[in-house]
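First the structure, then my questions, so here it is.
First chain written, first letter: the chains are A, B, C and D, and each begins at residue 1.
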Amino acid sequence: MNSNISLAEQWFRSFYQTIANTDLSPWLQVLPAQLADWQKNQHGDFAKWQRLLAKFPSTEPSVVELAEAVRFGNATDISDYQQKQIEGLLRQFMPWRKGPFFVHDIHVDTEWRSDWKWDRVSPHIDSLAGKKVLDVGCGSGYHMWRMLAQQPELVVGVDPTALFLIQFQAIKKFNPDPRIHFLPVGGEDIPTLKAFDTTFCMGVLYHRRSPVDFLHQLRSHLKPGGQLVLETLVVEGDATTVLMPGERYAQMRNVWFIPSTAALTVWLERCGFKNIRVADIDQTSTDEQRSTDWMTGQSLADFLDPTNPNLTVEGYPAPLRATLIAEA
Amino acid sequence: MNSNISLAEQWFRSFYQTIANTDLSPWLQVLPAQLADWQKNQHGDFAKWQRLLAKFPSTEPSVVELAEAVRFGNATDISDYQQKQIEGLLRQFMPWRKGPFFVHDIHVDTEWRSDWKWDRVSPHIDSLAGKKVLDVGCGSGYHMWRMLAQQPELVVGVDPTALFLIQFQAIKKFNPDPRIHFLPVGGEDIPTLKAFDTTFCMGVLYHRRSPVDFLHQLRSHLKPGGQLVLETLVVEGDATTVLMPGERYAQMRNVWFIPSTAALTVWLERCGFKNIRVADIDQTSTDEQRSTDWMTGQSLADFLDPTNPNLTVEGYPAPLRATLIAEA
Amino acid sequence: MNSNISLAEQWFRSFYQTIANTDLSPWLQVLPAQLADWQKNQHGDFAKWQRLLAKFPSTEPSVVELAEAVRFGNATDISDYQQKQIEGLLRQFMPWRKGPFFVHDIHVDTEWRSDWKWDRVSPHIDSLAGKKVLDVGCGSGYHMWRMLAQQPELVVGVDPTALFLIQFQAIKKFNPDPRIHFLPVGGEDIPTLKAFDTTFCMGVLYHRRSPVDFLHQLRSHLKPGGQLVLETLVVEGDATTVLMPGERYAQMRNVWFIPSTAALTVWLERCGFKNIRVADIDQTSTDEQRSTDWMTGQSLADFLDPTNPNLTVEGYPAPLRATLIAEA
Amino acid sequence: MNSNISLAEQWFRSFYQTIANTDLSPWLQVLPAQLADWQKNQHGDFAKWQRLLAKFPSTEPSVVELAEAVRFGNATDISDYQQKQIEGLLRQFMPWRKGPFFVHDIHVDTEWRSDWKWDRVSPHIDSLAGKKVLDVGCGSGYHMWRMLAQQPELVVGVDPTALFLIQFQAIKKFNPDPRIHFLPVGGEDIPTLKAFDTTFCMGVLYHRRSPVDFLHQLRSHLKPGGQLVLETLVVEGDATTVLMPGERYAQMRNVWFIPSTAALTVWLERCGFKNIRVADIDQTSTDEQRSTDWMTGQSLADFLDPTNPNLTVEGYPAPLRATLIAEA
């Protein structure tokens, strides 16, 4: 590995090599140029974060757990000093939203108990063993590690946020598995590959101005017959119920269409998906999404009507999230 | 005028000259290249239609009526032979959908009584006198002639369909007013001009996969404070009611979102429009849209449930069309 | 004219209008986008220069002379104060290289006696009366004014240097003839128009890394049979004599190929030109190119070997300039 | 390897994998898209050639010789039938220009004795051991095999001609060395890589309309200090001698600049090359370039003046070829 190139360039080159001689090879027609542009547009923080990544001590985790939680190493593998050093570095990458992670018994207590959603959804999904898996909007990559437990051929997460790339790489330091990759691009930047077996997309659809175009894109990534696992905000209602909130929904900007599961099913059908079913539907609790020592800003409790937890502060129905599964 | 260039090129150059030294001048940054591409992609029919246009006899219409109907000339202005010749040529451009037109007393009896909608809507619209007006999805241009009655500075219709361009130019032969132009481009091909006073968009929104992007585009054409006149299919319901039909709606393919007027109002607000109101709402009757001698294919009566005219053949609510007015 | 747009935008829009309905109309497929980019990339000086242009007093020149010199107005047309004001403003646009100009008897004494070259070359050129004329690398536009004396339909000069655009517009203030235009683009930015009757290109060829591509471009601007007037540095020699100097030639950077007239003739033939002849060949004298009160930097005398005026300071043959004429 | 993709796609993917994690990785920003376009634009012959390639029998060459000649296998390794089959297939890819090749004792007797040039030039070149080597305009790839004898890390040939790709791959069947690759692109399609140790460019420069731009490109492929080996047509003369022939030179179309070695040295200096020297200069003999059983068309003897072998049929100096070596 060339030490004159950035860490990010090393990660990306490793991914190019991984896919060059596979069905994902056509991605190379656009990806290297996109990532070269992306790197040119990163500023001071990203360079600083890469320097911090280089400061993590090398450790030999005695345990790698993915099936029930994401846990790499125990406290006894390292010195107290090293544990403090690692925790200090991980805290430089706050806020941590999706997790939790356990690194040498450091508990990265994230805003979301993403493990709870995984436990509800994963029983409904086809086995990922030997599969090529894509996670669109992967955040810090929590679910990608849980996917890895099933021995896929490859797990690729995409999310344009630089901090999430860094969080992912910080965790990967403790389990440098060559099958798991993070690319800082948007789902809409991926060309028509028709090459993934399973595509996850959790928490993205309601941020898109054009959900129909987005569903078409998600389908274009999948092999014929491949599986989509789609999680998004929904509302109660029938096939003609779709909420578009005002400027903010639960204090989030940039929320557009929130369909009922029945309406979302129609949308998926129009985009060519088959065998559409609801795997999970759940009103988010303030236990599942809350402020922590690793995400000290406001969280769900602050976004709900103090007098009625079934309403947002804006008066809309409180966040209800459904996961639908369908085949391309 | 150079006789070595096509009629279409002459029309387009005339438009470039019209706008070159106005606030619409930035349109020249993209339009001539788009129209050059468009011309390269036209095939045999378009060349034939241009030759037919050259065969129309030169006449001197004794009357130009725009305020109550679109009527150019009387039968007595021309010979019987000429009248037959003109009618024969106009029939070469069938099917005629939006109208009616009266040309030297030839009644081009179109599928739609577009005059009825105009009469319902026009009282609610700001005066067009001295204004720059855009009509997105203008079809044959019927409404553009009615707009012209109000003495606007300029009326520009855009519609990518070549036949509509030809129909428009055939009618314009009898009233070659330099203030009225047709461009075969889509509304999404127009750059951000912020230069029109009034934009009409009738019968387009439900064909867009991304209505929010489309509304943003419509707003980008308007000056601050300019007026949008938006006609589209709607359904009954509250602010969370949006129908997405299956593959066909009233036999039309490519119909996506059909909101209630309340939902559409929310969409318009999210796109920055103000002072949004419903000017007209009307269930289309089989008198307003029907087969004629100039459009001999199937029409609305064929698209409705024979046992219940309030339903389409697919079982959806029969076409209900609303016109909303809003300010940018 | 809209007072909210820049002077430059006004000049360019006026040109678009001039060509929109002519054989030059295809230029609109690229030019407005190029000039919008160009304007975005101009910095502080250009804005300042435009403000200075607005400060020129309005005058009524009693004389317009183009045939023997470029002279607009006499001193007696204006007050002493106005004359000082105009001279002061013109001096803000120094250095002045190509001229001379006489504005209300202010003598803009430029580095070059461009009139001498015009007098040598113009007798050999086809009449420009009624013609469309292009001047590639027009500098301040001196020769364009001399061309205008012959009553062409249109004279368009192109030169990417912002200061030359400003100098041209400053002079044009005193003779705002609508037939003469300056566009800040390069000759290579012009698409294949095959629409000009005569193309001048003086002092550009030796600055091009690819003279053959450049000659092809010059031919692509001309109608079949149109005339090229090409002035460039040459050396003595036969058809295989071509000098490429080192980093500098007569202190100029960016000088590439300097052919003999015989070699240049072969190049022109290979590019499809016909009837190629040498109209003028002249070793530049230190009377024709010299420092003046309006161009106070170094000039030719400084670039020649002090002991041998037939050599440059680098030891190359002193500047010998030929004008060739050919037909496309 | 996926059997559903074309042979060409397999070759290209293998190259992407080879370079993905090296200093050549930035090439991926453009190459996969270029080669996808290239494949789309290939027609019937290329598909047929790929099918023929699949028909070559699998053999086990008992000998691989690269140092003195390009010889893979002996006749005794295979049956007479197989030998006839292989020869028949190789003849489907006629005309063969650069060689000779010996495949199981089949003598592919090419138009050129490219080995003679290699023997004259190779002693002057830096060792290629462990190097990354580029051959711009590699033809059938003959010289690339000779380069491979020196144990480079990688040899990449580029040439846009589809038949040469097929000839190369036919030969590579008998020595499938993973270090040698052929890409059907032009030298001008390669981005600025500054990554090769040695670049060969033989027989290309005189076909370029812009030799200076081409030399700049050749330099941009090389690491600082990397070596260029440049072979081209030259003429006798001093630093100002450059021949541009008419439409044809020795019956070749598209020949532009033919400099003296002294003039070419100046050009190389202007493009930033250092330590420029002439390694070989040789008037091509009709023994070195001639018609054969594998290239049955006209060859050098037909292109020379029958009464004076020092002149071409057009009366220019007969082909004189020089090889210059320089450092970037």
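Assume a residue touches a chain if its C-beta (ideal position, glycine included) is under 8 Å from a C-beta of that chain, and two chains touch if they have at least 3 such contacts.
The chain list, named the UniProt way, goes like this: A, B, C, D = tRNA U34 carboxymethyltransferase.
Not measured: the values here are computed from a predicted model.
Novice: What chains do subunit A and subunit B have as common neighbours?
Specialist: Chains touching both subunit A and subunit B: none.
Novice: Starting at subunit B, find the fewest moves between touching chains needed to arrive at subunit D.
Specialist: Between subunit B and subunit D, the shortest chain-hopping route counts 2.
Novice: Could you label the subunit C-subunit D interface same or different, taking same to mean over half of its residue numbers are used by both chains?
Specialist: Same: when the shared numbers are divided by all numbers used, the fraction is over half.
Novice: Find the chain most remote from subunit B, comparing centres computed as mean CA coordinates.
Specialist: Of all chains, D has its centre farthest from that of subunit B.
Novice: What is the distance, in whole Å, between the centres of subunit A and subunit D, each centre taken as the mean of its C-alpha atoms?
Specialist: 48
Novice: Rounded to the nearest whole Å, what is the centre-to-centre distance of subunit C and subunit D, using the mean of the C-alpha atoms as each centre?
Specialist: 45
Novice: I'd like to verify one number: the distance from the centre of subunit A to the centre of subunit C, where each centre is the average of its C-alpha atoms, in whole angstrom.
Specialist: Each chain's C-alpha centroid was found; their separation is 60 Å.
Novice: Can you tell me which residues of subunit A touch two or more of the remaining chains?
Specialist: Not one residue of subunit A touches more than one other chain, so the list is empty.
Novice: So which chains end up touching which?
Specialist: Once each pair is checked, the touching ones are A-B, A-D, B-C, C-D.
Novice: Which residues of subunit D touch subunit C in their complex?
Specialist: It is residues 209-210, 212-213, 216, 235, 237, 240-244, 246-247, 256, 263, 266-267, 269-270 of subunit D that touch subunit C.
Novice: Quick check on the complex: what are the subunit B residues that touch subunit C?
Specialist: Touching subunit C: residues 1-2, 9, 13-14, 16-17, 20-23, 25-26, 28-30, 32-33, 36 of subunit B.
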